[in-house]
Structures are given as C-alpha cells and as structure tokens.
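Note that subunit A is present in both complexes that follow, paired respectively with subunit B and with subunit C.
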Partner chain A sequence: MLEIHDLHLSYGKVRAVQGVSLEVADGEIVALIGANGAGKSSTMHAVCGIERPSSGHIRFLGRAITRMPPHRIMRRGIVQVPEGRLIFGGLTVEQNLRLGAHNVAGRAKTGADIKRVLEAFPMLRERLDEPGSALSGGQAQMLALARGLMARPRLLILDEPSLGLAPIAALDVFALIPRLRDAGVTILLVEQNVRQALAIADRGYVLESGRIILDGKAAELAEHELLVSAYLGLQRGG
Partner chain B sequence: MDDLYLITVLSNIGMISFIALSAYLLLVVGEISFGQQAFFAVSAYGSGIATAMWGWPIWLGLLWGALVAGAAALVVAIPTVRLRGLYFSVATLAFAEMVRLIFEIFTYQVEIDGELVGPDGSDGFRDIRAIYDSNVSAFEYMLIIYGLLAVVLIGFLILERSRLGAIFRMIGEDPMLTEMQGLNVTKYKILAVVMAGIVAGIGGALYAHLATYVEPKIFNVMLGVHALAYGLIGGLGTAFGPLIGVAIDIGLLESIRAISGYRMIVFGGLVALLLIVRPRGLLDEAAMHWLRGRWRGLVRAES
Partner chain C sequence: MVDFIQNCLDGIMLGSSYALLAIGFTLIFGVMRRLNLSYGPSIMVGAFVGTLVYLEFKANAVAIAAATVVGAVIVGIYVERLCFRAIRRGAAVASMVSSFVIWMQLEEIVTVVFPDRTYFFPPMVTADPIDLGPFFFKVEYIVMFAVAAVMTVLLHWLLQHTRFGLALRAVSEDPRAALFMGINVGAVMFLAFVIASAFGGVAAYLIVSADGQITPLFGLWATFKGLIAMMLGGMGSIPGAILGGLLLGVVEAHSIWYLGTEYRDLSAYFLLFLFLVFRPGGLMGQLAVERELAATRRV
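Up next, the complex of A and B:
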C-alpha cells in the first residue's frame, strides 16, 4: 500500500532521514519506533508532503506521491493524526469533525459519517457544541482520531498518539487502534511507547539516527535483545 | 447643524467599518495586514474616475470600485500569501505605500464643461460630485452607507456559520494542520485577501463620494493601523467585534471633548491595554461561545 524507498531528508546541514525504506501492506498495523530525534516525525512529514525529501521515492497504492502538496496526498487517502493532539480549539467539536470530512465525495454523507464516528467515540457526542479548547487531553486526542476517520482514510498515520496522555487515556487509545484496523483502516503508528506499540502492531521498524536499524514481526522485535536493552530494559520482567 | 454633525459622524463610522471588517477578515485567517488602506484608496480613485470622468451612475461606480479593489487584492495575494507572519505584514505595508506613492504622481484628467476633472497627482482628485449632482442628501447617503454595511455584515455572519468561515478560522489557528485536513490553504488565503480587498473597496468608494475629494496622503499607514486596531479592540470572535472597535474610537473617543487632542494617546493606550488583558479583543472566540450557549439556553427555555 505504502512504499518508501531510500528516503533522505535534511534540515539545512542536519540530515534527519538518511536512506529509510519501509513498506506498509493493506490491513496492517505497522509500528515505527525510535528515540526522540531518530527521524520518525520527519519521515512521516515527508509521506504527508509537509516536508520535501532531498531524495528517495514514496509510492501509495502504486502511484508516486513524492513531493505532492499535502492536501492532494490527503485526498488520495493518507490521513495523519499529528503529534500533540492538534485540534482546532476555536472551532466546536462538531466543526472539527465536519471539516475533517471535507474531501469525502458528497457532503450529504457527512452527517452519516459523523454518526458512524460518534459510535466509536461516544464521549464526544454530548460535547458536539463545545469548543475544542474545552476538551481534556484524552478527549482532544480522541477528537483528533475521530476527525482523522471522518476523511475515510485508507492509511491512517498516528504520530505519538499516547504522548502526554494520562495512562488510562493512553490505554484507551491503544485499545482503539486494533478496532480501527478491523474496520478496514491500515495504520502506521509512530510511537515512543515501544512496548505498547509492539503489543498491537503486526510488524515494526526501529529507527535510529535517521536509519532503519531493525525491522520484523512485532512479536519478534519485542524480544529482540537490541530493543530490549535500548528501550525496554527497565520494563523487562516488570 | 447638530443633525448634520451627527450624520457626518455616523457616516464616518459606517465607512470606516468597511475597512475595519476588511482587516478583521485577515486577522481571522491569521494574517496581520498593514495595507488595507491601499484597497480603500484604489476603490476611492477607481469609483471616482468612473462617476466623475466616465459619467457612470453611482451604483455602478461603487461596484466598479469594489471590483478594482478586489482585483488589486488578487494581484497582491498571489505572491504574498505564502509568506508567513511578519513577512506578510511587511509585504502588505510595502504594497500600500507603493500604491500611495503611485497616486502621488498619477495624473489622468479630462475636460468636462470647460474644467479639468480627474486625479492630479499629489493635488488629489477633486469634484467627485455624483451624489450632489443627483441630489442625494447627507441623510440619504448615510442610509446608503448603512444599507451596504448591513449587507456586508449579514454576509460576514453567514460566512461565520458556513464551512468557509470555519476553514478561515482553522487557517488562522494552524495553517499546517489545516493543510493536513486536505485543504488547499494557499487557495483559501487568496480568497480571503480578495474578499477583504472588496470589502475595503466598498468603504473607499463610499468615502470618495461623500468627501468629493481624495488625495493620496489620506491613505497613509495610520488608516491601516486603525483598521487593524478596531478588530483587536472589539474582538476577533465575531464580525460585530471590529464594528464595536470603530464605535469606541470614532463614536466615543472623538466625541468626548475632554480628551480632544489626546485622542490618539488614549486610543493607543486602549489598544495596548486590551492586547495585554484580552489579546483577541472584547468579543473573542471564548466570549462568543459563551454568548451562543446562553442564547441556545434562552431559545430552549422559550419553546
């Protein structure tokens, strides 16, 4: 579904991504893990068209999308739920949802889409008229996810969905992701929370200093000694 | 005499409201323009030329002025909307000064009834007499101003409840996140700049015909700064905000004799104070959400 081949991306002299290649197949949950500054977000921004890669190729559903503007990439079915629970605080919850659906053919279906999304996120239902700024962190993350789903994505990119959330709210988010996949959405999950990300993913890639250093089935990665020592060390056996 | 004074003040409030709404629309999409006076000026000249020199009827002159301002805004928008923050502000300021300086040297006159009529560089453009020639009284003209203002204001209120209005507010909050929703931010920003240009243009055309005389120095940067300040005082949560700002400045400050001569100081102080206490003005987004909630509650209680 998504193929990234030998992607390079630099900010001035800083080479954030140095030859990343990865693939996401239809119906998978793929985790992209790595420490801060490993190049996870830069890779995702290149996929979404927000950053221009200096070289490399990105293909989606067999078509090249490298260097397309973000709004056109999104219309092809790649929706990113950005890091930091970014919602529009000045807009109501309902407006946030409606505008997420903006590119779906036929606005007549928006009402039905809202209904469908609210079934997955019942806590948003009674808050439809409230401004986004009135939501708690967990609710805002749910709204960001719900808004992403309004656009009927083929591929949903979740950038650090658990970052800064209370543990309970983070659990809710991680419980939701497999359900989204079961509903037919392919998911690329970017996370620092390695253990939980690998627990729900099918496969994973580990990024370090702009390079993929490890990849494989999620269950195998979770046992891999490199990962265990680097990221899971303190948690092992706990 | 007092009536005429009142009519003049009210007419001024009405005309300035257009440029205040114009600057407000750009504030909503997150851009600070120091150059809305340019569109006011382009339309003042354009509509004056149409009525005084080409003999067009007033209504057509007003429409023409607004369209010319809209076209000028499109020309400004295409290269500048990709600029972010301060760069956009500086670009709009530079454009407005450029327009003003062009009018300083722009001469285009024709002889009508033995007299030269038309813009004459820094001497300005005299005898834009269309409303006096057709015997429109000051009171009637004030009604025309407020009629058009009502139309524009209703347009703004419809806009605020529409998808387009929500998209403008999204861009104002976070352009990159808006782009991620599949929206072409550049396109919408160009649209906002053009709409703002047209709105300022309506005010400029009305102004030229009431004053009958325009000169380049009226359209200096202070006009644009005031236009911005009105939205910042009155609030960015609703189109009524900039109108409240205009009413406070022209209606209140100018009429309080005790502060005459110090008006700009009081005005500047007021802007500074509000920017600290209420950075998005009196009627900001939170205030509007609260008011709308109260309103819904009232409606429910009634039914």
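Up next, the complex of A and C:
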C-alpha cells in the first residue's frame, strides 16, 4: 500500500533522514519506533508532503506521491494525526471534526460521518460545542483521532499518540488502534512507547539517526536484544 | 445635545467605511500574521482605475464602483504574489519592508499615469440630505453605512457558515495544523487577500465618491485609517475592526465639530496613541491574546 524507497531529508545541514526504506501493506498495523530525533516524524512528514525530501521515492497504492502538496496526498487517502494533536483551541470540537473532513466532498456526508465517529468516541458527544482548548490531553488525543477519521483515511499515520498522556489515557489510545484496523484502516504508528506499540503492531521498524537499523515481526522485535537494551536504556535515561 | 448625537450618527456612518478598511487589514494580518502596508495604495490604484473608466467612458456609478473594486483586487493579487508569496514564512520584516517598497512603487506609477494629481471623482448619488426630526443624513453616508453593513454580514456568513470560512479560521489560528487537515493553505491565504482587497476597493469607492476627488495621497490616508482602526479594535479581530472603525469615525466627527476640520487626523493619531499606551491589545485584542494562550497551553 505504502512504499518508501531510499528517502533522504535534510533541514539545512542537519540530515534528519538518511536512506529510509519501508513498506506498509493493506490492513497492517506497522510500528515505527526510535528515540527522539531519530527521524520518525520527518519521515512521516515527507510521506504527507509537509516536508520535501531531498531524494527518494514514495508510492501509495502504486502511484508516486513524492513531493505532491499535502492536500492532494490527503485526498488519496493518507491522513496523519500529528504529534502534539494540533487541536484548534479557538474552534469548537464540532468545528475541529468538520475540518477533518475538509477534503471530503459533500455537507450531508460530513454530518453522517460526524454521527458515525461520535459512536466510536462517545465522550466527544457532550462536548461538541466546547472550544478545543477546554479538552484534557486524553480527550484532545481522542478528538485528534476522531478528526483524522473524518477524512476517511485508507492509511492513518499516528505520530506519537500517547505522548504526554496519563498512563490510563495512553492505554485507551492503544486499545483503540486495533479497532480502527478492524474497521478497515491501515495504521502506521510512530511511537516512543516501544513495548505498547509492538504489543499491538504486526510488524515494526526501528529508526536510529535517520536510518532503519532493524525491522521484522513485532513479536520478534520485542524480544530482540538490541531493542531490549536500547529500550531499557531509554527507561533509565528518563 | 442634538449636535452631539448628530456627530455620533455622522461618525458611525463615516466610521463604517473605516471599518471596511480595517476588516481588510485585519483579514490579511489574521491569516498571514504580516502587516500589508501597501494595502492603502493598492486600493488607491483601484480608485484611479475607477477614475480612468469615468474619464474615458463617462461610465455610470455602478460601472465606476465595479472598476474600482476589480482594480483593487488585481493590484492586491500583484502585492500578494510579489511580497507575501515570494518571501518565505518567518521573514515577516522582509515582507513588511517589501510591502512598503510596493507602496512607493504604486504611488510613482499613479503619479506618472495621472500627472494632474487631483482628479474629480463622480459622486454615487446627487441628492439632498434627508431630514429626520432635528437630525439630517447625507445620502452618500447612508449608502456608505448600508453597504458596509451588508458586506460585514456577508463576511460573517462566509466565515461562520461555509467550509472555506472554517478553513480560513483554521489557517489563521494555526497554519501548520491546517496543513494536516488537508487545507490548501496557500490557496486560502490567496483568497483571503482577494477578499480583503475587495473590501478595500468597496471602501475606497465609498470614501472617494463621498469626497468627490482623488489624489495619490489617498493611499497613505487609507493605510493610516485602516491601520489605526485595526489597532483600536485589536489586530486580527474582525469584530474589533468594526468597533475600531466606528470608534475612529465618531471621535473624528466630534473633533471636526468641536475643534475644527484640521484636527480630524490629529485626533485620530492621539486616540491611537492613547490606546497603544493604555490598551495595546485594542478593544477586542485582549480576548484574542487569552485565547491564544489557552490554545498553546494545552498538552
């Protein structure tokens, strides 16, 4: 479904991504893990057209999408729930949901989609008229996910969905992801929370300093000594 | 007391044109977070296009108004391409300076094409003032107020009830987040510029036709009035732009009556100074600042 081949991306002299190749098949949950600054978000931003890669190829559903503008990539079905959620605090919850459907034609459809999404996220229903800024971190993440679904994604990229959440709220998020897949959405999950990400993923890639250093089945990765030591190191480091 | 109320009424009607100018300013600022100093000169060029249509074709008021608005929009697009699109985001000072350069350029061009400097601009209506009890209303002021009110209502509808309006509000709150929504941010900014220029063009026609004449200095004048009204109301706030415009109009009307015509602009600058010192966020700005804080504080 998604193929990234030898992707490079730089910010000035900083080479954030140095030859990343990865694939996501229809119906999978794929985890992209790695420490802060490993190039996970940069890779995802290149996929969505928000950053321009310096070289490499990205194909989605068999067609090249490298360097397309973000709104056109989204129209093809790649939707990203960004790191930090980026909820519009000055707009209401409902307006945030409507914005998610900005690229989906038809007002009537948007109304029906809001109903459908609220069934999956009932806690948003009584808050529809509240400003986005009134939500807690966990609620904001739920809104960000719901808003992502409003765009009718085929591939949903979740960038650090558990970051900054209370442990219980993070559990809610991780419980939700397999249900999204069961509903027919392919998931690319970018996470620092390695254990939980691999617990729900089918496959995983480990990114370090802009390169993929490891990939394989999620269950196998979770046992891999390199990852176990790096993961424990991360834990010790805070 | 009758004088005072008459001044207030005149001021509100005059101020409605300032409100249109300020709405244009604040729309551009709200979406781009940049000051477009050449806003006044662009609509001045629009008014000269209207003058040209009048001189060449002896066109009627509707055609002149249309030519003014179209001219203002075309020059607005030129400004957007040259000093906002072409200059990278983050280079706010560069684009402000370049908008100043374009201001000079537009004034020069108009001075070359229209060497007489002051030109007659046909009034939109020739009718006697209407008496209502002890008060009287100039017909061109009534039209000015009515048109401004209709345009404000239209803009409110556009912003609150359309997909484009929601996208525009999203872009002005957080352009980066808007990218993730699949909003074509560049296109939204471009359209905001077009709308702002159209508002400016309408304001220019209303003001210039009420004055009966046009000079290249109208650009400077319009930038000042729009900028002052926007600052009084609070940058980036449309209700603020309306309130600021009306307040500026009322203060000017009083100072013309009680102090004399020559104090009109001086009183405007003094009012701006008072606001900058005592309420720098403007009438509505404080709210916007708080909302912004709330938005950035969430985790």
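We adopt the following convention: the second predicted complex is superposed on the first by the 231 of 238 C-alpha atoms of A that agree within 3 Å, B and C clash if a C-alpha of one lies under 4 Å from a C-alpha of the other, contacts with A are read in each partner's own complex, and residues count from 1 in each chain.
Just so we're on the same page, a residue touches a chain if its C-beta (ideal position, glycine included) is under 8 Å from a C-beta of that chain, and two chains touch if they have at least 3 such contacts.
Not measured: the values here are computed from a predicted model.
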Record, for the superposition on subunit A, whether partners subunit B and subunit C clash or fit.
clash
Contact-wise, after the overlay, does A:Q80 reach subunit B, subunit C, both or neither (first, second, both, neither)?
both
Of the partners subunit B and subunit C, which touch A:Q95 in the superposed model: first, second, both, neither?
both
Name the contact category of A:I50: first (subunit B only), second (subunit C only), both, or neither.
both
Touch check for A:A151: first (subunit B), second (subunit C), both, or neither?
both
In the superposed arrangement, does A:D129 touch subunit B (first), subunit C (second), both or neither?
first
May I ask you to decide whether A:P70 touches subunit B, subunit C, both, or neither, giving the answer as first, second, both or neither?
both
Residues on subunit A touched by both subunit B and subunit C 48, 50, 69-71, 74-75, 79-80, 82, 86, 88-91, 95, 98-100, 102-103, 131, 133, 147, 151
Touching subunit C in the complex: which residues of subunit A?
48, 50, 69-71, 74-75, 79-82, 86-91, 95, 98-100, 102-103, 107, 131-133, 135, 137, 140, 147, 151, 164
Footprint of subunit A on subunit C - complex, ascending:
163, 166-167, 169-170, 173-174, 176-184, 291-292, 294-299
Given the complex, residues on subunit B that touch subunit A span 163, 166-167, 169-170, 172-174, 176-177, 179-185, 285-286, 289, 293, 296
So in the complex, which bits of subunit A are touching subunit B?
48, 50, 69-71, 74-75, 79-80, 82, 86, 88-92, 95, 98-100, 102-103, 129-131, 133, 147, 151
